[in-house]
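Got a structure here, written out as structure tokens. Questions coming.
First chain written, first letter: the chains are A, B, C and D, and each begins at residue 1.
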Amino acid sequence: MNFLSKEWILGYVFAGLFLLMTLFVPGFFEAYNLINMLFQLPELGILSLGMMVVLLTAGIDLSITFLAALAGVIVATLLTNGYSVPVSILAGVATALAGGLLNGFFIAVVGVSPILVTLGTMTLFEGIVLLLTKGNSISGFPESYSLIGNGLLGAVPIPILIFAAIAVILSILLNKTAWGRSVYMFGNNPTATLFSGINTTRVVLWVYLFAALMAAVAAIIMTSRYNSAKVDIGSSYLLQSIAVAVLGGTSISGGYGKVIGVVLAVGIFQIISNGLNLLGVSSMVIDMLMGTILIGVLLINYVSAKRKQSQTA
Amino acid sequence: MSKILKSSELGIGVILLLLSTALAVTSPVFLTGDNILDILKGNAVLGILAIGMTLVIITGGIDVSVAAVTAAITVIIGKLAVSLHDSGWSLVAIFLAAPLVGALLGLINGLLVAKTKIPPIVATLGTKSILAGATLYVTNGAYMNSSDLPEAFLRFAQWKPLGVSVLILIFFAVALFTWFLLNHTVIGRSVVAMGGNPVSAMRAGIHLQSVQLFVYAYMGCLAGIAAIVQTAYTKGVDPNGFNGFELTVIAAVVLGGANIMGGYGSIPGTILGVLLLGVMQNGLILAHVDTFWQDIVTGAIILIAVTYDVIKRKREEANRAKIEIEA
Amino acid sequence: MKKMNKMLSVSVSVLLALGLMTGCAVQKNTAAPADGAAGGKSDGKLTIAVVPKLVGIPYFNASEKGAKQAADKLGVELIYTGPTQPDAAQQVKVIEDLISKKVDVIAVAPNDAAALTPVLKKAKDQGIKVMDWDTPADPSVVELSVHQIDDEVYGRHMVDLLVQAMGTDSGKVAIVTGGLSAQNLNTWIDWSKKQIAEKYPNLQIIGDKIGTDEKQQVAYQKTLDLLKANPDLNGILAYSTVAPLGAAQAIQEKGLQDKVSLVGVALPKDSKPFLEDGSLDTATLWDPVKLGYLTVTLAKDLAEGKKPTDGQEVENVGKIEVKADGKTVIMGPPSDFTKENAGNYDF
Amino acid sequence: MQPYLLEMKHISKTFPGVKALDDVQLAVRAGEVHALIGENGAGKSTLIKILAGVYHPDPGSRFFFDGKEVEIKKPLDATLQGISIIYQDLSLFPNLSVAENICMGRDAGKGPFRLVKRKEKRELAARILNEWGFGIDPDARLDTLSIAKQQLVAIARAIAFEAKLIIMDEPTSSLSSGEVELLYKVIDDLKRKGIAILFVSHKMEELFKVSDRFTVLRDGKYVGTYDRDELNEERLIALMVGRKVEAVSRQETQPGEPVLEVVSLSKRGHFKDVSFTLRKGEVVGITGLVGSGRTELAHALFGLQKPDAGEIRLNGKAVSISSTQEAVKYGIAYVPESRQREGLILQQSIVRNVSLPILKQLKNRLGWIDGKQEAKLAEGYIRSLDIRPAIPEMATGNMSGGNQQKVVIAKWLSTNPRILIVDEPTNGIDIGAKTEIHRLIRSLAADGLAVIVISSDLPEVLAVSDRVLVMRKGTISGELSIKEATQEKIMNLALIGSPKAKGNEAVGL
């Protein structure tokens, strides 16, 4: 076991922060607040997992939050027009997948660089949502729908269960299936992966479809939790999800990244934002701290990697 | 002739030309000198930042903190203006401080990128949130209007030598200077060489870390100039005025044919990219495109432009191979 | 093992540094002293949380000022906090954390009314009094709704002002707005449109509302384009506190002060230069400082079980109007700022 | 005897934990071609990097150049002293013009804001290109040139720096035979002008053709310096390896039924009207100039490129191969030209590289990758192909070239192919490993595999093939059985399209 790996370092930071907050922030270590955090964390967590998979292939998906908004608006429109919950959710997921397919098509088939494609589709999806909603929010969903985002199973919030399930499934997909293995291999060396008889087009297409699916799931949780769908809901998660994925150890140039790292990273973000909010620290300062921590953890990684190198070389 | 046809700016040029023709047909106002000057003036800030970003992208880097840096400097300009009032020094102080502070902030990015090997997008994402948070924390978002700015600065903002706004001239000057820097100075060629092949560049005696420090500092310096132009353009300071602007800047550069992985990128291309975005925004209103369709059209045009570019490049490559075998 | 110790010490020192920074930040933030947050009610003081749509913009800074004045005067603890972006999701998180903190009253200006309904219900379940201010939330959850203005009156008032400035009730007008998805702006725009349809049938609205991203330079550019695309334009209605400034700047630049009339929602201090040269004819707004003051005053009353009454005189604010439902409070009519009076305000 | 141009004495270099060079010496005279040889890991590249200023030698090392003791601290110092190095990857800039490539580095060390004299540079570049008859447009962008032309640009660059010593690291590794001849001619010209050349290569034949003297290194130690007359191939190999290496003993195989038939296959701009048959158990060598369409043909067979016309028949049945996974399905395997770029995922382990093409077959009951089966597979190949180090979790990037190539071959054997296409199998692999790879190819054929070996290395082609196809300008210009094939005949087919030259002079390009 390498106790100095990126993931362990994140674990130390997570535990340390948790301890610090428990000791010094009143109200932090209370059942209500802990459950509260479990409600808050999944949206960003799920989007970050989607982003992580894209980053593994050395790509990026700037359209992820607006795709989520689009999926959410579709679900909301159908729900408010009397369609049943499953039908509406299915339609939302289908819409997101269509968006993911569009991204995937331009990236994997045509070969345009991901940042360009998703920059374009980001604007495109935003435009479609605006056109559909005229900028207004859509609300008023059935009670059963709002359970998804607000319900508890025993004492555990349903969204965190969804997040946990996704994390486990993604872990298995990435580590135990041919697709997952190909994702890492493609991230390291796309040419050699293609030359090994892997259908890299399909691998990448599925990556963007997966990200789109994550966008849809996050959208369902958000619309259900907030009882509303709107063009800019969750828009601040875009850069946050990249930051979380990277903080979680995902290499922006592809080929490395672990689910556990991203989960810890989203936990770190959650603890900081919640703890400091409880302390009454201004949101602006929280933003600053997030940036500092991002750079700080990467510096630690850099230093430890360098030390390791000089020891083994 | 064949050289012109092959240049990587061609794709975007064609799209811009088509769009402009369509607009000229639909709107009589589009091709007037007045409108063109408005487009240029309105996109001077974007242009200046995009030019700086071109150098960063050529080296294979990226700077997502650019909007936060520019916003921070507009605030500093505002503070300077208030504390110095109308004294003759205020203008000098602003013109010295803005690029200098920008270069210093850029240098921090450069140090992070060059010395710690943190990927540029991540390092600058970090500095972005620190800087944006700090700016808001210090100002609390307070807005400043023209009555807070010195008279001399306002006169400067209105100055129109040769009938062209000084802001456009600054944009052109920055473009021209950077083009010259990139093509005719040692550091400029080092930037291009590093983008083409960093290992070879090191072997040829180019100090890569210095090049990186330079491009990020230069980006920061241009952000300072952009902040002056922005303040002159809006005659006010809005700490929130640049939220999300970094993506527009990057879009302009990559639309202009720069390779996001480094190596390729040109000042004329970037200017075309800036113009495409500017013309699009301008034209959608002039052509009376429905508000709610505007984003969709913009997104679609970006997709078409980048796809066209890729297809063109692929075709070129195929043709290149053919030439070899027949020769 | 040695290596590990080293690593741990690095981690710990980073954590300490963070803790230190946090400490400083808290100290600086005198509005919410750490121990006040800690005890909540330990010193018997009421804790009132006022949540704006976002922090760090002039309008909500002005309300914060008023809220603080009221808190000092009335001896209550005030927490004024919100997200840094007008994102409903972030706002919900802020409120959830406030619930954890066990405040007594939460007054919120929703980014998206519907999106807050679940979290406000949760707050109520925890025994927290819930009210809205600035922008109405779901009326079924809030116990009190503080409106600066009657939306219908305000929307119609803007059109009246524009007609007055144009000097005629026929011609072409355009609508420029801050964000296409801003709920309160859209409400006003809808009432304005209704007013035009009902009262000024000869006014023609050109195109749909134009969004400007809450950015002055964007409003400036788009208004320029608008003026060029419609040379026969007579008037512009500008909603959001940033859009009128950009629009006025465009009119100023093209020297169209006499040809194109502009009425907008703007703070007097920001719009003074434009009012003075006539590019902006009238800015109309309420006093956000008073709004903050009123919000905290009524929040305290709410916590103490006092209901507002129609015509009640609120200190430093004036007479308020209470609608028939007994919980919708209207601060008063809008103030119109012109070049004559703009200098008298400090917000 | 003239004095030495370059003299390095007592050169040692210690890396943390490793002594890469131990009291090594090297002396080169002006106007000679001096071969620096040794197996991979012998310390050649470390020594070259010290010469180039990339590494600093340990204290006590002494370095004389042009009569005085010098200290080389950074790459630029070496260049300015008159030592130019042409790296195997050429170290050029694809996005710059030829002229700029030639002059790159001239301004290094000057103030960053000094102006670049582009016109002057262009003139200098044009003059050199012209004087030496390289026939390259100084304004062309480098990435529009062939590798051979790029190599000439690299040489022109050394000339432009008035180099007194040019180090060439495996200069012929990506050149075809004809281009190699051109390079020899240039080397001759350089010699005549008194420029010394330090030549690093693994190809015995060419070493004896161009070199005047040899310095041999082994395991970071100096073995000796010898005149050409003192050595023969066998002796040289013995000096390098420290033992005797046996030549490939050829197991004669009986070709079986045709496995692959290619009929009039064409791809516009790449190859035209290519027809041949490949039988079970035989090795067919395909050679010709780089750019003659060999690799493109292989790509078409492996589904990486769609041919415009013609037919591919497998076991008598016409098939269309439009993707790599289809190729794999049909039992075709391709060991690509560039091991590092196309063959392996260097960051990943041996296990993961070997299992990559058959991941879908390694499923257990849950549909997951069966880790045990996967490890067993890799361990099996590590044993049967003698891959070293025998650590399944070893990242392939940390292995030697020969072992890397074995991993690539293992990867393909795991798919149970019927046809194995090997492109430049021993590029940059040292002698010992080279014969091992050759032996492996022969034994695979003996086991019934049909093998195509694409190579520019004529001795290699002759060593492993049963039949040789020569390509020229996209077509097959001739076929030779191993009994009739000679290097000369192959060269003639590759260059002029007929096995008999009118006179030997015509060959030299």
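Criterion: a residue touches a chain if its C-beta (ideal position, glycine included) is under 8 Å from a C-beta of that chain, and two chains touch if they have at least 3 such contacts.
Keep in mind that this is a model prediction, so the values were computed, not measured.
Annotation for chain D: without this chain, the others remain one piece by the touch definition. Among the remaining chains, the Cα-based centre furthest from that of chain B is the centre of D.
Of all chain pairs, the one linked by the most C-beta contacts is A-C.
Mean C-alpha position of chain A lies 31 Å from that of chain C. In terms of their C-alpha centroids, the spacing between chain A and chain D amounts to 45 Å. Taking each chain's centre as the mean of its C-alpha atoms, chain C lies 70 Å from chain D. Listed for chain D are no residues, as none touches two or more other chains.
Within chain B, the positions touching two or more other chains are listed as 133, 136, 292.
In chain A, the residues that reach two or more other chains under the touch definition are 130, 134-135, 282, 284-285, 287, 289, 292.
Applying the touch definition to all chain combinations yields A-B, A-C, A-D, B-C, B-D.
Interface of chain B with chain D (complex): residues 181, 183-190, 192-193, 195-197, 199-206, 210, 214, 263-264, 318-322, 324-326. Contact residues of chain A toward chain C in the complex are 3-4, 9, 12-13, 16-17, 20, 24, 26-28, 30, 32-33, 36, 39-40, 43, 130, 133-140, 146, 149-150, 222, 225-228, 230-237, 273-274, 276-285, 287, 289, 292-293, 296, 300, 303-304, 307. Taken together, the chain B residues at the contact with chain C in this complex read 27, 29, 32, 34-35, 38, 42, 45, 133, 136, 139-143, 145-147, 230, 233-236, 238-241, 243, 281-282, 285-288, 290-292. Put simply, chain D touches chain A in their complex at residues 15-17, 302, 304, 323-325, 327-328, 334, 336, 341-348, 352, 356-357, 359-360, 363, 366-369, 411, 415.
Interface of chain C with chain A (complex): residues 3-4, 7-8, 10-12, 14-15, 18-19, 21-22, 25-26, 29, 31-34, 36-40, 55-56, 79, 81-90, 92-94, 96-102, 112-119, 126, 179-183, 186, 211.
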